[in-house]
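Look at the two complexes coming up: subunit A is in both, with subunit B in one and subunit C in the other.
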Partner chain A sequence: MDRAMVTVDNVTRSFALPKGGTYVALKDINLNIAEGEFISLIGHSGCGKSTLLNLMAGLDQANTGGILMDSRQVTDPGPDRMVVFQNYSLLPWQSVRQNIALAVNNVMRESSQVERRERVEQSIALVGLGHAADKLPAELSGGMKQRVAIARALAIRPRLLLLDEPFGALDALTRGNLQQQLMQICQQAGVTTVMVTHSVDEALLLSDRVVCLTNGPAAGIGQILKVTLPRPRERLEVMEHPDYYRLRGELINFLQQQRRLKQHRQELGTSVVSPSVPQPAPKAVAMAQRTVRIGYLPGLDIAPMAVALDRGFFSDRNIQVIPVVFHRWQQMEEQLRAGDLQLAITSATSPLALALGQHGQPSWPAITPMTVTRSGNAICLAQRFRDLNVHSLSDLAALLDDRGSRLRLAIGQQGSMQDLLLRHWLASGGIDPDQAVDFQILSPLAIQSALRNGEIDGFIAGRYRVAKAMDAGLGYVLATDLDIWSGHPEKVLTCHEAWAANNEALLLDVCGALIRGGQICENGGQRDRLIGLLSRPQWLGNDAALALQRQLNLGNGQATSNLLPLNRYHSDRAHVANSAEGAWILTQFSRWGWSPFPRNRLELLGQVYRNDFCSTALEQEGLAALSPDRQPIQLACGGPFDQDEPLSYLEALPFTHNTAIAVMPLPSGTAKRATTTTETPAS
Partner chain B sequence: MTTLSSSLETVDRDLARDPDYLCFEGVGQVFQTKNGPFEALRDINLQVAKGEFICVVGHSGCGKSTLLNMVSGFLTPSSGRVTLHDQPIESPGPDRMVVFQNYSLLPWKSVEQNVALAVKAARSELTAQAQASVVDHHLEMVGLLEARHKRPGEISGGMRQRVAIARALAVQPEVLVLDEPFGALDAITKEELQEELLAIWREHKPTVLMITHDIDEALFLADRIVMMTNGPSATIGEIVDVPFARPRSYEAIQNDPHYGQLRNHALDFLYRRHAHQDD
Partner chain C sequence: MTSLSATSRSKRRPAVGWLRSPLANQIKAPVVCIGLTLGLWQFLAQFNSEGFPGPIQVISQTWDPYIINPFFDDGGTSKGLGLQLLISLQRVAVGYSLAAVIGIAAGLAIGLNRFLRRGFDPLIQVLRTVPPLAWLPISLLLFQQADSAAIFVIFITAVWPIVINTAVGINEIPQDYTNVARVLRLRKRSYLGDILMPATAPYVFTGLRIAIGLAWLAIVAAEMLKADGGIGFFIWDAYNAGGDTSTSQIILAIVVIGLVGLALDRLVGAVGTLVAKGGK
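== the complex of A and B ==
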């Protein structure tokens, strides 16, 4: 995109409520607008569209973040930004000409009388009102009044035109004609425009990009749709363009999904967890001991929980955490479904897989309030491949071509993040995982002996498992997540949606304790103490210490250092429950033929990714609330992933099995047991 | 595809039972004005089946309201005739209920009283208890049980329109006449009400004639869309069949490839072939 003329930088706007507390209208809005661009803001009532417009106009100030125009902060209204409201705001006792002249005289003080008059007449002509220049507003139709308002705004040559539902009060026909005129005027004047609208057709006709806002409170940008229709556009012709109804369908789907999310939240009896309503301090209130059972599998990913337990972060918050160890992912998820666990540290893909009911399971209303760890994976091959001179992915591809036999690779769980990373990496090197690989699902604990016994050729796992295999001289590292997706979400906290709704404060405290734990895990100075802790029998066991100390010796001759990072536990937005990453996961589910790509992905992601918990927990801990940015995700292999263009990404990937799209039934969080809402997909 | 064809059959069977239920035969309407006679409608011919859902679209001044007023019996045609069950419609009656855009609720009566009043008048054969349960049932269907004791001034526009719809349907009319009932509502409320309206329509299956400006609304609700030419002397320009299976989901029909075709066809009629003079 061109250099931004207007930058909305991390804007949050909240309002104090009369009865105490605050209402967060907009949360963490980031948007760049290029010079000459036409942007529409669309969303349901109460989504903060007009609030955002007022902030750009300088009529209102953000609580955090700010608006930049030409790299200068917008602090008050100015003649470079003009606003047109739905109700025209003309002076009723002044004629069309006088209304416009008033604005011109006010702004063009340096100019001569002649210049000003010229400007007024030009502006009147621009909107085709020469014949009505001496009429009073009351003598004009609604459409004509709005044309006067637009002419007045443009007369002073603003750089940014802000339109707040300019045609909302007009009938369909007048509206259509005015839209056409507005488009021509904006193009002629080359003015950058931001328009708030409810109308999908209006947005498509006029805009270069449509910014879709999610429901309030704490509304954010849900999707940005690029309107690729060629210009100049004509209102009726544009609808006959082959892409028109696809784009229109995207917007309608967005609005429908937001509408259902709103209903869903209402049925659940909870709104988004509001970050600014102060939670009572647990210590100050006498509370019953709160007990939660958290499932996990041994690995470096449990470090934040181990630390939080060790340092008493849970008991400080009046929570008794019972960690429940499992050896198979499948088993743990079964217990989570059965309600025997309240929470589990699962693969980053599990919340979506559970919600969709993948791999033959019924769908289950899983949510994730936070990401526990990022990165930390490596792909390890058996030692004998090194002897065959396999040092890279292309070596491996060549070997497979030569031998014509299938590679036997172990993964911990089908459809896990590790499975997706491994498949994605193989495919990027021209290896079709479903043709060239036999995947074996093994408990992490069984991997080493399988490798020793020659039952597998390699595996993907956390660096700790890899380090152990290397220590035993069984394997070497061919790739790490740095070669695939640096900073990918690895393990997330997962629970039932209704449980979260009924235990908000408890869940926030658990998240808070894990965040504190994660902070310590990343503290290099605490590394030895951390290794000591993880080597205790209840976590990784006595024999872990050596592997932990050397776990970054990748066995490929690279230098090692005790100060190299382990997994990412805290820094660089590690905790964010990022629905864009969820969108990538959905593309992979679809790519490998496990489910159609959900047409209602935003609804699904909005239901599953509850970053509101994460932000609130961070704020409770006195840390800055984090929100995902909207930058495309940079994967080391394969192109960048833009969450707004998942289908074109999917289609461009090698070995994509499935590009079917369907409205996926979503679990209802109100029922403890999953019941699917039935909606007939498009035939 | 099974759902599509099977529900199409059901609809067709229902409609086939009584295809000439409500008939306009050569209907014209001329008003006497101080500037002489004004022909609002000319030569309207339309057969509506029992239980059919018809939307009438056209620009303002196309005589849509005149058409509906002849069904409700507020107006009799200057020529031709409008019949229900082969009987000419000559006056308003409780078998035909009208809902207007402006709600027309009694402002000093509660939500419940507004509905009860209509039920009492139109369904006097019921016991007081039965009447009360009819009121309850219809308030429930539009989700207004909790607001039952509020007055119209204390509730939102969407809720007021819900009251008006509950009131009209509680009378269990054979014909429901809707004059742009959702024109003044925001998009979400409008869609919710459209869905509620369809749900109630499925229960009683009254014949519906509805005026709307909104093509998307017509495509979501109607079995057929009647498109009017511009007045004066407006008449039926074209009738479009809406083939989507019922029950309909807003998203599913939007994603149907026919949707764009039908919509563009209707828009073409309204904004090209019968474009209106503009200000």
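== the complex of A and C ==
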């Protein structure tokens, strides 16, 4: 793409409601538009398409963020960004010629009378309205009026042409002809165009890219579809192009998913969580103790929760947190499903796996309001492999080729983030994990003894387990997150959708406390205190110091600090519940044949990834709200992952088992939980 | 079907064909209804012992000089109906023109400035409901002269609807047009001439039309109380004279006032349509 001519930079637009409070129409919109590009904005009514267009026109101002055009901020409307309004906006008391002349005379003040008149006539001729030049708009048909509006806009040679549902009110035949004309004119003039439309076919015919907006409130960009159809396009030919129906299907699919998501939210009785006006809660409720049971497995990932408990972040917010320790992931998920736990710190893949109902389980409406930690994993092999000179992935691949036997690797949970990372890493080195590897699901506690007894050849685990194994001299680190995906989501908070809907404030407070905890975990100055805290028996015991050592023995002779990064608890947008990462997880589920790739992935991701909680919690804590950016995810091994093109990514991956696409049944959020609510009634 | 039945009927009674001409169709109903009303009036007048005239007497008693010679002038206040009308119309013209000029100007100011609009709105709402005659004593005190006082009453009665409608018109300029003006960065003069004035014109003329009705209402009342000459004076004068034909004169004057009022209303309306062509 060329250098961006228009940049929509993190734009949020909210409106004050007459009854107090605000309505967030658009949230964190980022978009780059290249010179000469034709962009369509599509989405359900009320999603803020026109608002975005008005912001670009400068008719409206964003609350935060801004719009740059040619590197200058757009602050007011101007003729370089000409708008063709939804209802034409021709002046009814002026003839066609006068309407166009008004624009030309005002904009081309420097030019001579003759030049201006020429331009007016030329523009009238461009849209073929010479015979109607002296008619008043009321005497014209809708299509002719729209042509006048377009002629008026193009007459002043704008840099950016903004069209607000230009053909919405026209009959099909006129619409088709005008689309064709507009396309030719835009192409000839090379004018950069942004068009708001409701019509999928119109968007596909005209655009280079279609930007799909999610439902309001707080609408964002859900998907950006590149329209690869060759130009010049002809309406009928385009429809016969093999790609046309695939693209069309994607757009329709997007819109349908958005509609279902909207219905789903309505059924749940909540829309998107947003910072509300602080409502004076009844005193009795405010004082009521709120109890939450949070499940976890020991590891450095629990540090934010430990800190939050230690510093009283939960009790400050009137929450009594009961941490419940588990030693197998399976057990914890069972208890979560049963409702014995309200929340759990799970692998980043669990919310999706639960929602899809993998491993023979019924699907369960899990959501994730925030990411707790990122990174912190390493892949270790037993010492004997070092003696065989295995120092890299290619060494390992060569060894496996020679030996012909299968590698025995331990993972904590099938389909966990660690499992996916390990498989992805192996596959990138030419090792088919399903052919060459026996995966053993071991409790993290059992890994060390299994390694010692030679029952496994290696494992993937968090820094805590790795440190213990290194310390015991049992193995060495062959790869870390840096070699696979630096900054991947590792552990996330997971809960039931309906519980979250019924306990919104409580969940926001829990997130807030964990965010505060994460902030302290990452503060270097607090390290000694953190080690002291985690060394307590109820957390990690005496090994904590080991795991948090800045210099970690990698077991391979290099004792270096940089190779194994610490977990990320807070910095660099660590808390974001990023549905793009969810999309990557879905590709891997499909890749290893665990489930077909969901055709309704955006609906699924929209249900599961509730970054609105994270953003709101951050705002409540006085921190900047975070939103996922739309940049492709850069993985260290394998190509970058673009959330808008998951299928082509999936097809390009080695050892992909399954590229089937299916509409996955989604759990209904309205299913009532059998358990009692945790919020103690007021009286 | 319809055409069939129409032809068969016209075949049966070809003599009444002219009754179906468009003109006849239009005036048929008013002619019948007004005729009936006049007939009833004439009938009832026969039973009145005070000699209240029926329509026939009204015409016969005022035929000479009032109807056939509307412009006679016997000097003093004894003038024909036409001359009296001219005096009244002259006053209305002055007062109404003043009201139009000042009303539109004030309406523009109030429409364009939020502070002024909020500030003056309560005042305007109160003053516009004051009946015309309530102003007369004050205006007599102020101007000391019947003629100027009458003009002032006309002005103060007619100005409010003009102010209010002009201001509303400016407020109601569609967002579309202001957006066009903003995007094109229209200069002030172009904005006024190309957008503000044409868009507001229909509202202004609505105000002007209401105002002319009120002005006509006010002048007759004002002249009846305090004036020398004018159609209102004519009525009052006829009443005071108490002659045999007084009642007929009064009735004739009422009919004339009504017809002139209607004509004025239509005139302003027609000008409005002409000026605000394509405005809606």
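The rule we apply is simple: the second predicted complex is superposed on the first by the 644 of 683 C-alpha atoms of A that agree within 3 Å, B and C clash if a C-alpha of one lies under 4 Å from a C-alpha of the other, contacts with A are read in each partner's own complex, and residues count from 1 in each chain.
The rule we apply is simple: contacts are C-beta pairs under 8 Å (C-beta built on N, C-alpha and C of every residue); 3 or more make two chains touch, one makes a residue touch a chain.
Please read all numbers here as calculations on a predicted model, not as lab measurements.
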| said: In the superposed model built on subunit A, check whether subunit B and subunit C fit or clash. | reply: fit
| Who does A:236 touch here: subunit B (first), subunit C (second), both, or neither? | first
| said: Going by the contact rule set out at the top, does A:177 touch subunit B (first), subunit C (second), both, or neither? | reply: first
| message | Between subunit B and subunit C, whom does A:23 touch in the aligned arrangement: first, second, both, or neither? | response | neither
| In the superposed arrangement, does A:252 touch subunit B (first), subunit C (second), both or neither? | first
| query | Of subunit B and subunit C, which one contacts the greater number of residues in subunit A? | reply | B
| remark: Note, angle between subunit B and subunit C viewed from the Cα centre of subunit A, nearest 10 degrees, works out at 50
| message | If we overlay the two complexes on their shared chain A, which of subunit B and subunit C does A:655 touch? Say first, second, both or neither. | response | neither
| said: Using only CA atoms and the superposition described at the top, report the least gap between subunit B and subunit C in Å. | reply: 10
| said: Considering only the defined contacts, which subunit B positions touch subunit A in the complex? | reply: 1, 3-4, 59-60, 186-188, 191, 213-214, 245, 249-252, 254-256, 259-260, 263-264, 267-268, 271-272, 276, 278-279
| remark: The answer for subunit C against subunit A in the complex is residues 176-177, 179-180, 182-187, 190, 194-195, 198-199, 276-280
| said: Please output the residues of subunit A touching subunit B within their complex, sorted ascending. | reply: 44-45, 141, 143-144, 171-174, 176-177, 198, 235-236, 239-240, 244-245, 248-249, 252-253, 255-256, 259, 262, 599-600, 663, 679-683
| In the complex formed with subunit C, which residues of subunit A make contact? | 57, 59, 76-79, 81-83, 85, 87, 89, 91-94, 102-103, 105-107, 136-138, 156
